[in-house]
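In what follows, subunit A forms one complex with subunit B and a second complex with subunit C.
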Partner chain A sequence: MHDLTPITALGGSAARSDTIAGLTLTERPDVALASVAARLGQETATRAAVGTLIGTEAPGPGHLAGGEVRAFWIGPDQWMIEAPFATHENIATILRAVTGPAASVTEQTDAWTRFDLSGEDLVPVLELLSNLDHRRMASGHATRTTIHHLGCYLVRSAANTASIYGPRASAGSLHHAILGAMGAGL
Partner chain B sequence: MIIDHPLFGPRDASEFVYLGDASLMDRPDWKSETAAQDFHAYAYLRDNPAGPHRELWFHEGGDRSWLVITRDTVTHEITRVELARDVARKQRAPQ
Partner chain C sequence: MKDTSAEGDVRQIEPASPGQPNRLPGGRLDRATTLPFTFDGKAYSGHPGDTLASALLANGVRLMGRSFKYHRPRGPLTAGSEEPNALVELRSGARREPNTRATTAELYHGLVATSQNRWPSLRFDAMAINDRLSPFLTAGFYYKTFMWPASFWEKLYEPIIRRAAGLGALSMKPDPDEYDKGFKHCDLLVIGSGPAGMMAALTAGRSGADVILADEDFEMGGRLLSETFSIADQSGADWAAQTVAELSSLPNVRLMPRTTIIGAFDHGIYGAVERLGDHLAQPAQGTPRQVLWRLTTKRTILAAGATERPIVFNNNDRPGIMGAAALRTYANRFAVTAAPRVAIFTCNDDGHRSAADLHAKGVKIAAVIDTRPDAPRATDYEVLAGAKVTDTRGRLGLTFAEIALADGAARTIEVGALGMAGGWNPNVHLTCHQRGRPVWDDAIAAFVPGGTLPPGMVVAGAAAGALSTHGALSQGAEAASAAVSELGNRTDPDNLPEAEDAPVAQTPFWYVTGADRAWLDQQNDVTVKDVKLSHREGFRAVEHLKRYTTLGMATDQGKTSNMAGLAIMAELAGKTIPGLGTTMFRPPYTPVPIATFAGRIKGRAFHPTRLTPSHYWAKEQGAVFVEVGNWLRAQWFPEPGETHWRQSVDREVAATRASVGICDCTTLGKIDVQGTDAAVFLNLIYANGFAKLPVGRVRYGLMLREDGIALDDGTAARLAEDHFIVTTTTANAGKVYQHMEFVRQCLVPDLDVQLISTTEAWAQYAVAGPNSRALLRKVVDPAFDISNEGFPFMACGEVTICGGLRARLFRISFSGELAYELAVPARYGDALMRRLMAAGQDFDVTPYGTEALGVMRIEKGHVAGNELNGTTTAANLGLGRMVSKKKDCIGSILSERDGLNAPDDLRLVGLKPVDPSAKITAGGHLMATDGPVDAAHDQGYVTSAAFSPTMGSMIGLAFLRRGADRLGERLRLVSPLTDLTVEVEICSAHFVDPEGVRLRA
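So, the complex of A and B:
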C-alpha cells in the first residue's frame, strides 16, 4: 500500500495565503476543472449541456456564469467547468454523463493552479501583471491573458476578487509574480 | 498596433502571432491529377502585394483563435478581421 500525502501546487500541506497592503492572495487547491469542447455540428447540444451543468445559460465570449459549479468561456464552443473538488474529484466523468457524445471532455484539474486575489484595490495589481483593460472588466468577466510569459485565465469572480488560473508546473513563478505586483505599491 | 478581435474588441498586437498568407487555408486536393503541381504552388508560391493582403494571425496571448486579417502592406492599416473558422465554413458551404 502506498502512503502518500497530498500537497498543493506550491508544495505545502495546506493552501498558502499571503496578505500584503490590504490585498490577500490565496492558493485554491479545492477546485476541480475540466474543459468541454463541442464536436462539429454539436454546438447547440453542447451549449445546452453546459447550461444544464451550471444551472444557467452557458457564458458567451469573455464571460463567466454559474454558482458553485461554474463555467467560463475559453474559445468558440469551448468552456472550462469548475466545481468543488470534494464533490467533483471525478469531474470529467460527471460532465461526460451530461454532455454525452456531443462534446469532448478533458480533465484539467492538475493542469492548472488557481490563486484568488482579493481586496478593495486590486485593479492596480492586475494592471502590473497583464495588459488587459482591467478597469473595464467587471465581475463576471473571464479571459485568457499573459502574465510573466505564462498563459493564464483571469476570472473576475466577484467585485473584489480575481481568480487567476496558471499552469500548475509554474505555480511558484506565478505566485512570485503576483506577490511582487502586490508589494510594488508599498 | 491594435487588432479589433471579432469576439473581444480591440486587443494589443503583442498578443497575436503572424502565421502567413491566408491562402494556406486552401489546401489542395491530394487526389487531384495535378496534385504535385498544386502542392508545389501551395507550399512555395506566394503573391507579394504592395496593398491589401489577407493573412492568418493566431491569438496566442488570448483565446488562441485563428483570424483572417486584411492588412494593407504599405500603410499597415487593418481593414477587416474575421474568425478563420467562419471563413473556412463559408468557403465549404454548398453554393
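So, the complex of A and C:
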C-alpha cells in the first residue's frame, strides 16, 4: 500500500460542502470514472458489456442508467462509467476485465471533478449556468454542456440532485461559478 | 371631479397628494405610501407606481435636462423607453449611472437623481451660449471648422467639444453590483404585454404551451394601463390585471416584467435584459442587479406596440411639449398632468382622445389644434380646425404657443403643456435585426414589418399596424393559435373579449412649413435646418443623412425622430418616404449597461483558470505564476536574497544541469489513443513514422497541417500494441485533439481508433539532471529496473511508486539532461511533488519554473511555440528529414510545394553576440553587417532569446536564409523599434551537449 495522501480537486484533504439559500453543493472525490468506447465492429459486444457492468441496458444519447455503478452516454458507442472510488480506484483494469478487447477503456477519474448540487428547485440555479432546457431535464438525463466557459457534463440523477462534472484543473473556477449562481437568489 | 364650466380660464387642480401640485385623482399608484426622493439635491415625494418623470411632473418640475449640443432646457417628451430628453444620473457614488431615462426609472424610497450636461446648474447653464452660436454649430461643423492644424484635433478641439457636448459622466469607480447571465427556453416568447401580447400569452398559455411573456415595464398591460376604454365590460387596466392573475396561475407561463428584449438573433434566440434591482436602492446581497438572458424559443410573437410621433415646428423642444399620448399616459396611469393648462396639436383622431381623457381628469384644455379642416368638434373645449402651432415661448418651460388659424390669423395661447399627436409608428425594430426591411403602409402612413422576419417570428397588434384594441386582441389571439398549433397544441377559438374597434386612419403631418429651428432628434439636437443642409451638401442617401447630421444616432436610436427626418429629406429630394428607405435597426433595442453584458465574467473570474497538481505546493514556495492559456504555471521560485528574476532562473538552470531539478509539466496535452489501428492512425497524423515503434518506447513526432506547415510537436509513447499516449505542447493541446478527432471521424472513419483526453487526469513531473535517476530510485518501487540498460533513453512503461501507486514513467528530455517524466493520478500530484522534494534533499533538488525550462530548451536547441509559429515548415525547423517519404502523412504532399522549398529558405540557427555582454532580443531581424536596414535586405528573424548561464552570454534561436550553410558568419541583429544593433555570430542551435551524451547517460 502506497503512502501518498490525495487531495481533492479544490485542494482540500476532505470533500468541501457549501449550503446557500437551502441549496447544497458538495464536492465528490469518492467516485471513480472511466470511459468505455466500442472498438470498430464491436459495438454490440461493448453495449452488452456496459449493460453487464451497470446491471441494466446501456443508456442511449442524453441519458444515464445504472445503480451504484452507473453509465452515461458521451458519444456514439461511448459511455462514461461511474463507480465508488473506494472499491474501484483501479477502475480501468476492473472494466477491461468485463469488456475484454471489445472496447477501449481509459481511466478518467482525475480528469474530472464532480460537484453535486441538491435542493428543492435547482432550475433557477442551473439556468444561470448552462444553456440546457433545465425545466425539461428529468431524472435520468445526462448531457454535455458549457458552464463558465468549461466543457462539463450535467447528470440529473434525481429530481432534486444534479451532478456537474467539470475539468479537474478548473475545479476552483467552476465551484466559484456555481456558488455565485446559488447565491443569486433567483 | 369638479364642474369645469363654472371655473375660470385657469382651473385649479385639487392636489391629490400634498406637495404634489400637478397630481390628479385616480391612476395606478399606491397613495398610501409616500416615497421621498431628490432631484439636483432638492427633496420631493411621489408614490409607488410612479416613474421619476411622473413624480417630478407631479411636483411641478418640467425641466429635467439640457440638450446635447445647444444646452437647451428640456423636459420629458414621452412616458416610455423611447425617451430622448429626460436623461439623468441616477444614484450616487460608485452606483451613479448616467443617461438614465427618467421616464422608465421606477421611483423608490430615497432615490437620488441629478441632472447632467449643464454647468453650473440646470436652471442656469452657462453652456447655453451654444444656442446663440447655433449658426456656427450646424451639422458637420467640426469637420469644417477644426481642420487646421491637424495635430490640434486630438489634443485640443476634440476634448473641448467632448466637454461642451455630451451626456452624463461615469463615476469612474468600480461598479459594486453583481450582474449575471443566464439561459431560458420556451415554446413561445411573447414580446410586449399590451392587448396583443396579453391576448397571445393567454391564448397560448391556456393551450398548455410553454410561454414566456416579457415586458420592459414594471407593470404588465402596456397601453391598456394608459387608456380609459373598456375590454369585456371592464376597464382595460382591470382586464390586464385579471389576465395577469390568470397567467400567473398557469405553471406553463412565465411572466417577465422589467425585461427588455434587446435583440433577435439566429435560430430563434433572443437577448433579454431583466432588471431585478433597478427599482431598489441597492440589490439584495448576491442578487444581480440585472440579468442578461439568452432566450431560446421555438416561436415568437412580437407585440411591441407603437410609438407616437411628434410634430415638428419652431421651438418644439421646450419642457412641457410632449407626445399627446404621453400626456394621456401621465394622466390616466400616473395621475399627473404636466401643467394645469394644456393644448393638443394633432393631425388625427387620437389627439382628441388625449384631450378628452385629460379633460375628464379635470385638466383645462386650452385648445385642440387640428391640422385637418374637417376636424371633429368637441363640446367641452375649443377645437381649432385647419390650424397649426407655429412657434412657442418660455425660457425654462413652455408658457405660450403661437397658432396660425385656418383663416391665416395668428393667436397666442397661454399653456404649460402642449401635446403633439402626429400618429403612431409601429415598433418594427426587432423585425429588422436580421436585415429585414420594413414596408410602407399608406393606410396609416407608417412603416410596418416587412416580409422577411426573423424565422419563427410573427408580429401582432400595433407593432403590425393594427392600431385598434380589437385589432390588437384578435391579432394576438390569431398569432398565438397559429404558433401553438404548429407546435402541436390546440387553442380555443372563441375566447376573444369585446373591445373598441374603429378603423384607424392616419394622415401624415410631419412638420409645419417654415419651421427651421425645429427639432427632429431632440437627443442629438438635430433640426430641420440640419437636414436641409445635409441635402444641400449632397448627403442625401438615408445612411449619409444619418451620419452627417447624427439624426437617430443617440441612445434612443431615433425612435421619435427618424420618421420626420426621412419625411423632410424625401420632400427635399422629391421622393416618397419608402423611396428614400430607412436606416437599419440593430440590437440592442434600448441601451444596456456594459456590466450586464459582462455578467459575472469580470476581474479574476474573467476566464476560468486551470491549476496544476503542484499549485498549492508551489504557492507555499512563493512561486511567481504566469498565465499560459488558462493554466497558472510557476514561472520561477524565488529564494531568500534573490531580488531579480534572472537570479532565480539562472540558479534553477545551473542547479538542474549540475544535479537535479523538478518541473510540473502536467499542462502538456495528453491524448489517450487506443484501437487495433492506433499505430496506423499515428503514422498518418505524424510526419515521421510510428508504425514500427516498439512497445515500451517513446518517439519524438512532428505533426503537419494539411497545407504542409508545422502544426505541433511532441512525443508518443507506446504502452501496448494497441495503446499510445500522445503528448502535445501546452498551447496546442486543444487544437491537436480537435485535429485528431477530425481526422479520425472524417478522413479515416474505417480505422479502429479511439481517442480521449487525459491531460488533467495525470499529474506529470519532469525530473531532470545528472542525479535524476538516483532521485527516482528513491520513489519508484524496486521491482522496476530503471537502470540505463533496463530503461534506456526514450523508454516508457507503467510502474508503481511509493509502495504501490500506479504511475507512468517516460525517459524523455526537453532540457537536454538525463531526464524523466513521471505521471501519477492527479489527486496524488501534490503528495508526489512533496515526496520528490523531500527525497531529493540529498541532491540539492531544485524546483524549476517555465523560465528555466525555456532557457534550457533554447540552450538545447529544441523548438517550441515561438518557432512553431504557423508559418514554418519542417525544413525551416531543421526537421525536413522527419517528413518520411516512405509513407503518406497529413501535410506531406503540400509540404513539397514550390513556395515552401526555395533555395534560400529559412533554416533554424543559433545566435550568440560577438560581445558577450550584448543583448539578443526575440523579434529582432538579421541584416548584413553593412548596408541598409530595411525589409528588402532582411535575412531572417530571431524567435527565441535568453541569457544562458551555461554559455555565460545571451543566446538566441533564429530563422535565417540558407542558415544551415552559414555557421560562423557574422550578421547584424537589429531592432529598430527598440533602437538595438548587435553584431552576432551564427552557430548551431544546439548550444549544450550537441551530441546528446548527457541524455543517454
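What we mean here is this: the second predicted complex is superposed on the first by the 181 of 186 C-alpha atoms of A that agree within 3 Å, B and C clash if a C-alpha of one lies under 4 Å from a C-alpha of the other, contacts with A are read in each partner's own complex, and residues count from 1 in each chain.
The definition used in the following text is that a contact is a pair of C-beta atoms (placed from the backbone, for glycine too) under 8 Å apart; a residue touches a chain by one contact, two chains touch by 3 or more.
Because the structure is a prediction, the values reported are computed rather than measured.
Contacts of A:144 after superposition: subunit B is touched, whereas subunit C is not reached. Once the two complexes are laid over each other on the shared chain, residue contacts for A:48 go to neither subunit B nor subunit C.
Between subunit B and subunit C, the partner in contact with more residues of subunit A is C. In the superposed model, A:98 lies in contact with neither subunit B nor subunit C. Residue contacts after overlaying the shared chain place A:15 against neither subunit B nor subunit C.
Touch criterion met: A:131 reaches subunit B and subunit C at once. Using the contact criterion defined above for the overlaid structures, shared-chain residue A:169 touches subunit C, although it does not reach subunit B. In the superposition on chain A, the residues of subunit A touched by subunit B in one structure and by subunit C in the other are 131.
For subunit C in complex with subunit A, the touching residues are 178, 180-185, 210, 276, 284-288, 291, 294, 296, 600, 605, 607-612, 615-616, 630-631, 666, 672, 674-677, 722, 750-752, 754, 756-762, 800-806, 824-828, 830-832, 835.
Across the complex, subunit A meets subunit B through its residues 61-62, 74-76, 131, 143-146, 151. On the subunit A side of its complex with subunit C, the touching residues are 1-9, 11, 29, 35, 37, 39-41, 78, 90, 104, 106-112, 127-133, 135-136, 148-150, 167-174, 176-177, 180-181, 183-186. On subunit B, the positions that touch subunit A within their shared complex are 7-8, 12, 14-15, 61-65, 83, 85.
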